[in-house]
Each structure stands twice: as structure tokens, then as C-alpha cells.
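Each of the next two complexes has subunit A plus one other chain: subunit B in the first, subunit C in the second.
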Partner chain A sequence: MKMTRRTQDRLGALLFVVPAIVLFLSFKYYPLLMTLYYSFTDWDGFSGDYRFVLFDNFANLFTESKISGAFRNTIYFAVASIIAGTVVQLGLALILVNRLKGNRLFRTLLYTPSVISSLIIGLTWLSFFQYNGIINQTLERIGLSSLVRNWLADAELTMNVLVGINVWQWAGYGMIIYLTGLLGIPTEVNEAAALDGAVGWRRLRSITLPLIMPAVTVNMFISITGALRVFELPFVLTGGGPMNSTNTVTMQIYNTAFLSNQFGYASSIGLTFFLFIAAITLIQLRVTRRLEVEY
Partner chain B sequence: MAGWMSLAVATALVSGCGAEGNGNKAAESSAPAGEEQQVTLKYASWMSKGEDKPTIAAFMEQNPNIKVVEEVIDGNQYSQLLQTRILSDDAPDVFLLPFDQYTKYANEGHLLDLTDEPGMAILADNPSVDEAFKVDGKRYGFMINSGAPVNPIYYNKKIFEKYGLTPPTNAEEFLAVSETLKQNGVEPLVFGAKDAWTLSGTLYSAMFRSYALPKTNKDIYYALAKGEVKPSDVIDYPLQFIGDLVAKGYISEASSTLTYDQSVQYFADGKAAMFPQGTWVPTLDPIVGADPAGFELGAFFPPIPVVDGKKYALSSGDRILVISSKTKNPEAAKALFNFFVQPDNLKTYLESQSLFTVMKGIDVQTVPVLQEYVNSFSSSDFEVVIGSKSALTPAFNKEVDLALQNILVGSTVETELKRLNEEFEKTKSQMVIKE
Partner chain C sequence: MHPSAGTPRTLRVVQYAILCAAAAMILIPVLNIVLSSFKTNEEINRVFTLPSSFNFANYRRVFQSSSVWMNIVNSFLVTGSAIAIAVYATSMAAHTLARRAEAGFQVLYYVFISASMIPIAANLVPLYVLINKLGLVDTRLSIILISAAGAIPMGILLYTGFIKGISRSLEESASLDGCGRIGLFLRIVFPLLRPVTMTYIVISSINVWNDFLMPLLFLRTESKKTITLAVYSYMSEYVNDWGAIYALLTIAFLIPVVFFVLNQKHFFGGVTDGAVKM
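Up next is the complex of A and B:
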């Protein structure tokens, strides 16, 4: 049977796609399905024996204070990071959208931290925020000893330090997305707004923000998923301490699986967290898309 | 299948955490025609400062057909990463193992039976050690070093001389020395508590063991596993002791964020007067290279509790050498094992790092600074218990680490004891018991 040219093209295309599909199914969906399977067991991750415990794991995770604490910490980190991050990213974008001298250099410098591994970022900031680190030493040298803090060992303070580092790391990345949105606003819209007397805060609120909502949608989505999955920063800087104040859900999953040898339970936490992130991002997408305007 | 499934789930969990896998090559062996078979072995440990290199190099020189590729796994994550490797059928051929995982791995069939290896002959002179490491009558590992039954507290002689202090011999004197130092603006103690083992594996463990052994018929972990005591029954005193040191301001505030390496440097720089640590400290570069004008190393025996006129300590093994049951090159792996534990080689290894052993037949010379401290072990009021019929789970050990770290930053002893009791119950069923 002779194949048509179209069929040949399709088969050729399929051949190119198959390796990617196989890899994707093997390393994304198969583990996901196995996680689902194990979440209903008490498997310790080690022995071949395990029992099906149905929904016991899911029931336990809603009653364990360590898990709820990890969720609280993660939500705090995400909310604080997104609020502070949006202000910083948008602020930088609004400044650098203007044709200033050294504009490109600043954009590059600000973007650089986002391409560095969070582990490296964490290790670098560790030397700054340790009690005898660069920040405290500098404060002492300039006569501001009263501001010396145990930045990474103060339960009231440490999570905010992590938020600050996260905001710094992703400031350039978000700024580029907002910058793209700002540059997409037609010049005549801005000129018309200026002629109508819309300047400053009013112009930002009534003209700029509505017109860059597509960029906000994308940026929010990336920020929410990224912040909720935070792992490397607390892992390197604090190990979840002090007093579990920086113990995030991903760290809890890791500890439950690899330290407590409760793979089944860890799978149930992972799955619940996956559903939580999916729900939050769906809500976010619906809300921010509604705010987008046509022009 | 189980290995694949384990790997898949581990991948799913860890990918969510953003961690990266640990790539490595499988052990290779090839036999070119007409040549002696070349074998490559993987050897894994947490020895990040090249402690094992001289032994490995000497072995390869003597066995040119065996190449040993060393893998150093981060000590803080060693148990977890090793477990992942074993689960995915990617265990190193020969590796060091902490005691708390030894019996479990042996029971699960992950370790090669080494009962009849020539290197085990020395155990005939050490029946208590032999018994501690036998699982169902078989030997799966060799205790390279015992870990000091009680780790010393190092002090800076220059600082002590300056304030007319002498090494304390009991808890009261220890607190008095600390108070004097504090009053003179000197930080009495420093730990590298970001690496939690520096807290739990030094002063705390010495206090804990001496306090808890007589309360538990000299087997703390067995008593815990059997439910004869709760963690709070045996951990209360040592935690309270550490808590008091924190409350009185005797532990440097820097401790909570210093790593182990940084704490060594901190002490060598003369920023703190006392440093509870392992017996290897005198050989470390920052100590050896410290400015003699401001630093001179001394060591004293920590102020452990005395019960009915006796002091107790426990030795369970620090670095246990084992072979994976899945090794593709068992003969080469056994050759490395036997070379490593050969008494002369072991003596060189231990002395070069100032490590402690309770094995008779290995005459290890102690560095002069630790001589007095070592003499304390031979006193008649001191009893060293070898091994245990059980072991705490890594998960609970981590909780003890956390408790100490929390106390260091202001948590109360009561809160931590309550938490430890709760956490213990969650993983108690995982404790392996040898009856």
C-alpha cells in the first residue's frame, strides 16, 4: 500500500515527537501516577512490604501540626514574596522603561540573579546573613551595632529574610515581563492620557495597569507556582529552622520521605500540595484574566 | 520492579522539591584480551577533606588492576542520598555507613556477608564489638573507628591563662569557668550548630549517655524501643544542661548559624574559649595553623554526670565499612575491604586523623594534647558500653538535632521534650531490635 505524501509527513513528524513523548511520560506522568498509587499505602520507601491504608494518609496530614505549620509558612512566603516582588518588579520596569543612560546594563545586572541556581544564591547569602557574617560586621563597623540581629536564627525574622532574598533573586525576571507589557502599550494611548491630564498614580492605575494585565497574569502565575514550591533557600539557609519557622511544604515532603521513611505519607502530602497549587493558580488565572482589557 | 518504582517516586518527590539527581557511572569491568582484568570500584563516604585518600591510593598502588573512584557525599544528607542510591540499585561497591543504618541495611539484604573475611580476624580479640555488629550471627561491616565514647572539650590555653583558669573537672567548675569568661567579655563556648551534629554529637551525647545508660540497664535504645522509657525520661537532663548554658549566655550567639568548618576557624581565631568536638580536631588545618600568640590547644574531659560514683559512655561505631550485596565485583570489593581494615593500615588511618578506637590489637598513639583526656577512660570509675541491641531512627535523630537547635535559639526544654515524645512515637515502629 502506497502512503500519501500527507501520511508520510505525519509519520515523519510523529517520529520526531515520539522520543519527547516517551521521555515526558516516563519522567513526568509515570512518577506522578506512582505517587498517586503510593499515597494510599504506608510504604516506607525501602522494604517491599506495604499495606493499603486508603485515605488514612490524607486524614493524618490534615491533623498534623507540622504539616499545617509548613502550609502556613509556605503561604506566608508566597504572599509576602508576591506582594513585595510585584512592587519591586513593576517599580523597576517603570523606571527602566524610560530611555535612561546605562539602561541595558541595569537590566542585565538585575536579570542575572534569576539565572543563577537558588542553591548558589542561598550559599552566597549565607555568608551575609550569618551572625558573624558580612551584614552584621558592616553594621558594627559603621556604628550601628543596635541593628545587629541573628538574621537566620530568629523565628520572627528569618522567613522575612528568605522573602527578601527571593524578591531580590527574581526582581529582574519579573521586571523583564512587566517591561515587555509596558513597551507594548501604544504611544498614542500614553499621549492621549497625558493630554487628558492623567499623570502619575492616576495614569498608572487607570491606564498602565489595565493595559499590562496580560503581563501581570503571566508573572503572577510564575511567581505563585515558584514561591509555593520554594525549597532550596530554606534548605540551604535555615534547614527549616529556627523552630520550624521556615519549614515549607516541599521541605516537609522531603523530610517525611527521606528522613522519616514515610514515602506513602510523603506522596499524599505531595499530591495534596499539587492540588492546592493547581487550585490557587486556576483562581489566579480567572481573576487576572478578567481584569485584562482590549484596546 | 521495586527498585524502579522506588526510583520513580523518589524522582517525583524530589523533582517537586527542585533538587537535582546525583549522576554517576556504574561500576565497570572489562577484560581486554590478553590483559589482566581491570576493575573499577565505587567507594563512597562523607569524608570531605580527603581523609580516606591515602588508604585508597595505597590500595590502588598495591592493586594496579583495581581502580577506586571515590565519591564524597555531603555528611548532612548522607543517609538520605545513600538510601536513594540503594533504592535505585545504584549503591556504591564499598562504602562507609553510620551505625544507625547498619542493622537495617543488613536485615534488608543490602550488605554483603563478610563473616569469613580475613579482615574480620581482629574481632576475635574484641568479642563485645563483634557481638554488637553481628546480625543473625553474620558480620556485615567493620567498625573503622568507634567514635570517642565521650568527645573532649577543647579550650584555648592562652585565654585560660589570661584569666587564671584551670580546666574544669565537674559541672559546677565548668559553669564557674564559663561565668568567669563571660564576665570578662569572652565567649565561653562555640558550636557549629548549623550542622546539627556538632551539637548532638558532642557535649549533649556525652551528657545523655552517661545519664541515661544507668537508667536503662546500659542499653538506652533497646529500652526506648521496648517502651521501657520515654525520650523525656532520658533526655531531660542533657537538654536542660544545654538549655541552662544557652540561658546563661555561655554559648556564642554565632553558633546557631556557623557551620562545622566555620566553628573550627572561630575557635582557632580565639573568638571563643571552649569548643566541644571530636578527637580529630588537633589535626585540622585551622588548628595546626593557628596564631601561637593567641592560641594554644588544650583538651579536657567534659563534665558528664556521675551516677553512684561511676561515669558511663557508649561506643557504637562512627564509620562502619561495608560492601554492597549488589556489587558486580565482590572479589575486588573484598580486597579493598581487607586492605582497609588490615591493622597496620587502620592504625595509620586512625593516627593520621587522631581518631579513637576501642578495638584491642590496634595500638593507636594519641596526640599529646589528648593524652590526659584519653587516660580518663582507663580510670576504674569509668565504664564504656559497646553497641546496643537497637538504634534510634535517622528521623528521630533529626528531631533531637532540631530540639537542640531550637533550644539554642530560645525554645524551652519542656516544649522540646514534649515534641520529642510525640515524634518518637511516630517512628518508633521503624526501630530494628536485635534480641
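Up next is the complex of A and C:
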């Protein structure tokens, strides 16, 4: 059989894509398909046989309070991180856009924590937040012992400590994205705004923010997908405690699979988690894209 | 010039104050680890004092009681190999995806990009089963393959966007000269991709280097662990030797920070590229 030139050409092009496809199917989409498959079974991960339990796993995960709690904690972590993070990142970017002296140094310094593993970052802060750690010792010293808290073992407070560390780590990263957006605003727009007397909050809301919406879109996407996957910080600082108050979805999947040996059940949580993240990010991209304006 | 350059002096003082406070917030925890790494275990409990002398006893203890050197080598090996595979696979694939108009290739582009929405946690169980079946448990190769696959969406995104922005004329004339498809790519296209290749290498290396969950799942032998996992293991084993733990943390901090400072341009450029192309 003789191939036409066209088919030959197309096959050649396809060959270029093959390595990426093979790698991708093996380690991304094939596992995702298997997650779907296992999620309908009661497999324990070790015995050779398992039963199909259909939707039992899903019915259980929506009623088991530890798991719905993990989803709640994760959502809280993401929402709080994004709100506090946006304020900090945008605030810093609005300062740095003025090109103050030394702004390069500040940029470098503020960005640095985002290149370190969250695990290392968590350990770095451990000595601050432990009960006899640096923060409580400082409070005692300056006579504010009434503010001494059990930072890492207080069901009301600990998740906020993790949020704080997360915001600290990513402040410079988001700041750079916003800064890029701000520097992209044409000078004429800013001059016109100044002439019209648009200043302060009003100018930020009605001129600056709409114009940097593309930066907001990207930043939100990165922050949401990042924050929802949180694992290292609670893993190393709290182990999910106290009273599961910092137990996140990724930790829950890890524990269900490898501590409780419930591979089927863990897969059903994983699948739910994937659908949840996909839905959230698609909604977010739609919403922030719609707010983008042309100039 | 930005109009607020003419801001009143008080405003500028406030702005500097905020920046300095932010800088202090970054520096204090980092300084704490570095200084503590030179303290004796007895001095560490007195947090407000400086180390009595710059002694390297903690560092010596870490190097004796762990395989740090090996762990650092492993991190370089895993990161280097994963990124090399990812650069090879995504630059070639993106060239086809950017240049071909067929619907199939367009769909493929979205298949690659949308995978960034699949959290690794969703695939935890099947990945474990797969790596087990392949006999790759406790091998660095397992981390290399998974990390390379994980780096693909960003590579496709960056490369496809970049290639669409460069003119075809060079490729067309080279192809008239009888340059084969692969020769054309290697000799003409790939060199043109240098800027985006640098950005991609720099940004995805940090992601692979910093990964913790996959090494935690698959690497068991101390001498095969990456540095991030090794820090965690060390800390679980020598719970009370904080001096040594701080020394190890300092080492783990130093490598990515140096890498970042040397490649700042690509880091900041990469953030901008991603922002434009999404």
C-alpha cells in the first residue's frame, strides 16, 4: 500500500507528539481513568479480589463527617488565603509600581519564599509557632502574655496560622503578577484618570482593577489550584489536628489510602476532588475573564 | 512616568515603612534558621541570643549522620532528568500543535493544557499501583517519569504560544533546501526557542525540586531520597537535635535561593509570559 504524501506528512507530524502523549497518557489520564474504576470498588489495595460497590463509596464520603470536614477545611484555607493574599499582593504591587529606590531588592527578597518547598517553609515556621516557640516567648517578654496561644493546637486558630504561612510564602509571587499588570497600563490612561480627579480607592476600583483583570485571572487560577491542593503545611505542622481542624482533602486521600488501606474509598474521594477543582477553576476563569476589558 | 511618582513625602515614607516591614517579615524566619544552625543545642533554647561562636559542629553532625550529599545529588539528578525529558517532549509536540491546523491537533492541545486541573492527589492510588506494577518503587526513575509528565501542561502552553509568535518563513525556506522534519526542528526551530526554553527550565525545575508528596510515596532508601524528603526524614529521626535540623534546613534553603538569584530574569519573565498567554 502506498501512502499519499498528505498522509505521510500527517504521520510525521504525529510522531513529534508521540513522546508527550505516551508520557501523558501513562501518568495523567490512565491514572485518572483508574481512579474512576477503583472508586466503584471496595479494594483494600493488597488482596487480589474486590467487589464492585457502585456508589456506596460516594454515599459514604458525603455522610462521613471527617471527609466533609476535610473539604470544608480545604475550602476555608483556599478562600482565606486568596482574600488575604490578594490584599497583600496587590498592596505590595501598588507600592512597588512607583519605582521607589531599592525596589529591585525588595522584589527579589519578597519573591524568595515562593521558590522554597512548602515543607521546608513549614519547618522554618515551626520554631516560631510551637508553644514554647519564638512568638510566645516574645509576647511574654514584652508583657503581652495574655496573647500567648497554643498556635498549632487550637481548633479555632490553627488553620488561620497555616493560612498566614501560606500568604507569607506566596506574597511576592502574586505581587510580581500584579506588578506586571500594573506596569502594562498605558501612561495616557493614568494621566487621564489624574486629570479627571480619580484618586485613591475610586481610581483603584473603577480604573486600575478593570485594567489588570488579565493578571487577576492568572493569579486567581494559580492561587486557587495551589491552595486547594495544600498538603505539606498541615502534614508537617499539625498532622491534620487538633480535632481534624486542619485535615485537608489531599491529606485525607493520603491517609485513607495508605494508613487505612482503603484504596477504593480513597479513589472516590480523589475523583470527587478532581471534579470539584475542575468545576471551581472553570467557573473562576469564566467569571474573571468576563470582567476583563479592552483598552 | 507613573503619575504617583509625584506623591507627597509622607505617603512615600509610609510606603517605605510597609516595604521594610514586609522585608523584615521575610528575613527574620530565614535569619533564625541560619543563626540557629551555628548554635549549640543548649543555646538554641535561648532564642534571643546570638550564637557564641560560628561553629560548624551541627553541619559536621548532619553530614556524618545522614546522606545529605547523596540527597542533593539525587535532587539534581531527578530534576535534571525530568526537565530534560519534558523539554524534549513538549518542544517537539508544541511545534506540531502550533503549526498544524487540523482539528485533531487542536483538541490535543486542550487535552494537554486541561490536565493542569488534575490534582496529583486524585491520582494517588492508581499512580501507586502503576509504579508498583512497573517495579519502580524506591527508584528515582519513578519520580523522574511522574515529574516529567507533571511538567507537560506548562511546557505545551509556553512553547505553543511562543512558536505561534515566530514567523514560518525560516522553516519554509529550510524545508525547500531539503531539510528533513527532524533536522529542521533541531537545527532551525529549537535554537529559536531558547528564551522560552530557559523560562520553562527555570520555573519547572523549582517545581520538581520542591516536590514532596511523590518522593514521600515512592522513595524508601535514605540514599535514594531527594533533599526535601531527606529533611523530613531526618527531622523525624533526630527529633531533639535541633542544631542539626537547622543546619540541614539552611542547606535545603540555600540551593533554590542561589538558583533563583542567579536566574531572576527568567523567573520574573516566566511569570509575565504565563500571564500573557493564558
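The rule is simple: the second predicted complex is superposed on the first by the 278 of 295 C-alpha atoms of A that agree within 3 Å, B and C clash if a C-alpha of one lies under 4 Å from a C-alpha of the other, contacts with A are read in each partner's own complex, and residues count from 1 in each chain.
Assume a residue touches a chain if its C-beta (ideal position, glycine included) is under 8 Å from a C-beta of that chain, and two chains touch if they have at least 3 such contacts.
All values reported here derive from a predicted model rather than from experimental measurement.
When the two structures are aligned on the shared chain, A:Asn160 is found in touch with neither subunit B nor subunit C. When the two complexes are overlaid on their common chain A, residue A:Ile95 makes contact with subunit C while staying clear of subunit B.
When both complexes are overlaid on chain A, the residue A:Asp44 reaches subunit B alone and has no touch with subunit C.
After overlaying the two complexes on the shared chain, residue contacts for A:Leu109 are found with subunit C alone; subunit B is out of touch.
In the superposition on chain A, A:Ile253 makes contact with both subunit B and subunit C.
Touched residues of subunit A were counted for both subunit B and subunit C, and C has more of them. After overlaying the two complexes on the shared chain, residue contacts for A:Ala20 are found with subunit C alone; subunit B is out of touch.
Looking at the shared chain after the overlay, A:Thr86 reaches neither subunit B nor subunit C. By the document's definition of touching, of the two partners only subunit C reaches A:Thr225; subunit B does not. Of the two partner chains, subunit B is the only one touched by A:Phe129; subunit C is not.
Residues 27, 30-32, 34-35, 38, 45, 118, 133, 229, 231-232, 250, 253-254, 257-258, 263, 266-267, 270, 273-274 of subunit A touch subunit B in one complex and subunit C in the other. The touching residues of subunit B, when paired with subunit A in their complex, are 2, 5-6, 8-19, 79-80, 83-84, 87, 104, 108, 194, 196, 253-254, 256-258, 262, 266, 271, 393-395, 398, 402, 405-406, 408-411, 426-427, 430. Within the complex formed with subunit C, the residues of subunit A that make contact are 10, 12-14, 16-17, 19-21, 23-24, 26-35, 38, 45, 91-92, 95-100, 106-113, 115-120, 123-125, 127-128, 133-134, 137, 141, 168, 171-173, 176-177, 180-181, 187, 190-191, 193-194, 214-215, 217-218, 221, 225, 228-229, 231-232, 236, 249-250, 253-254, 257-258, 263, 266-267, 270-271, 273-274, 277-278, 281. Residues 27, 30-32, 34-35, 38, 44-48, 118, 126, 129-133, 150-155, 229, 231-232, 235, 239, 241-244, 250-251, 253-255, 257-261, 263, 266-267, 270, 273-274 of subunit A touch subunit B in their complex. Those residues of subunit C whose C-beta lies close enough to touch subunit A in the complex are 1-5, 7, 12, 15-16, 18-19, 22-23, 25-27, 29-30, 32-33, 36, 47-48, 85, 88-90, 92-93, 95-97, 99-100, 102, 105, 108, 111-112, 115-130, 145-146, 148-150, 152, 156, 181, 185, 206, 209-213, 217, 228, 231-232, 235, 242, 245, 249, 252-253, 256-257, 259-261, 264, 267-268, 271-272, 274-276, 278.
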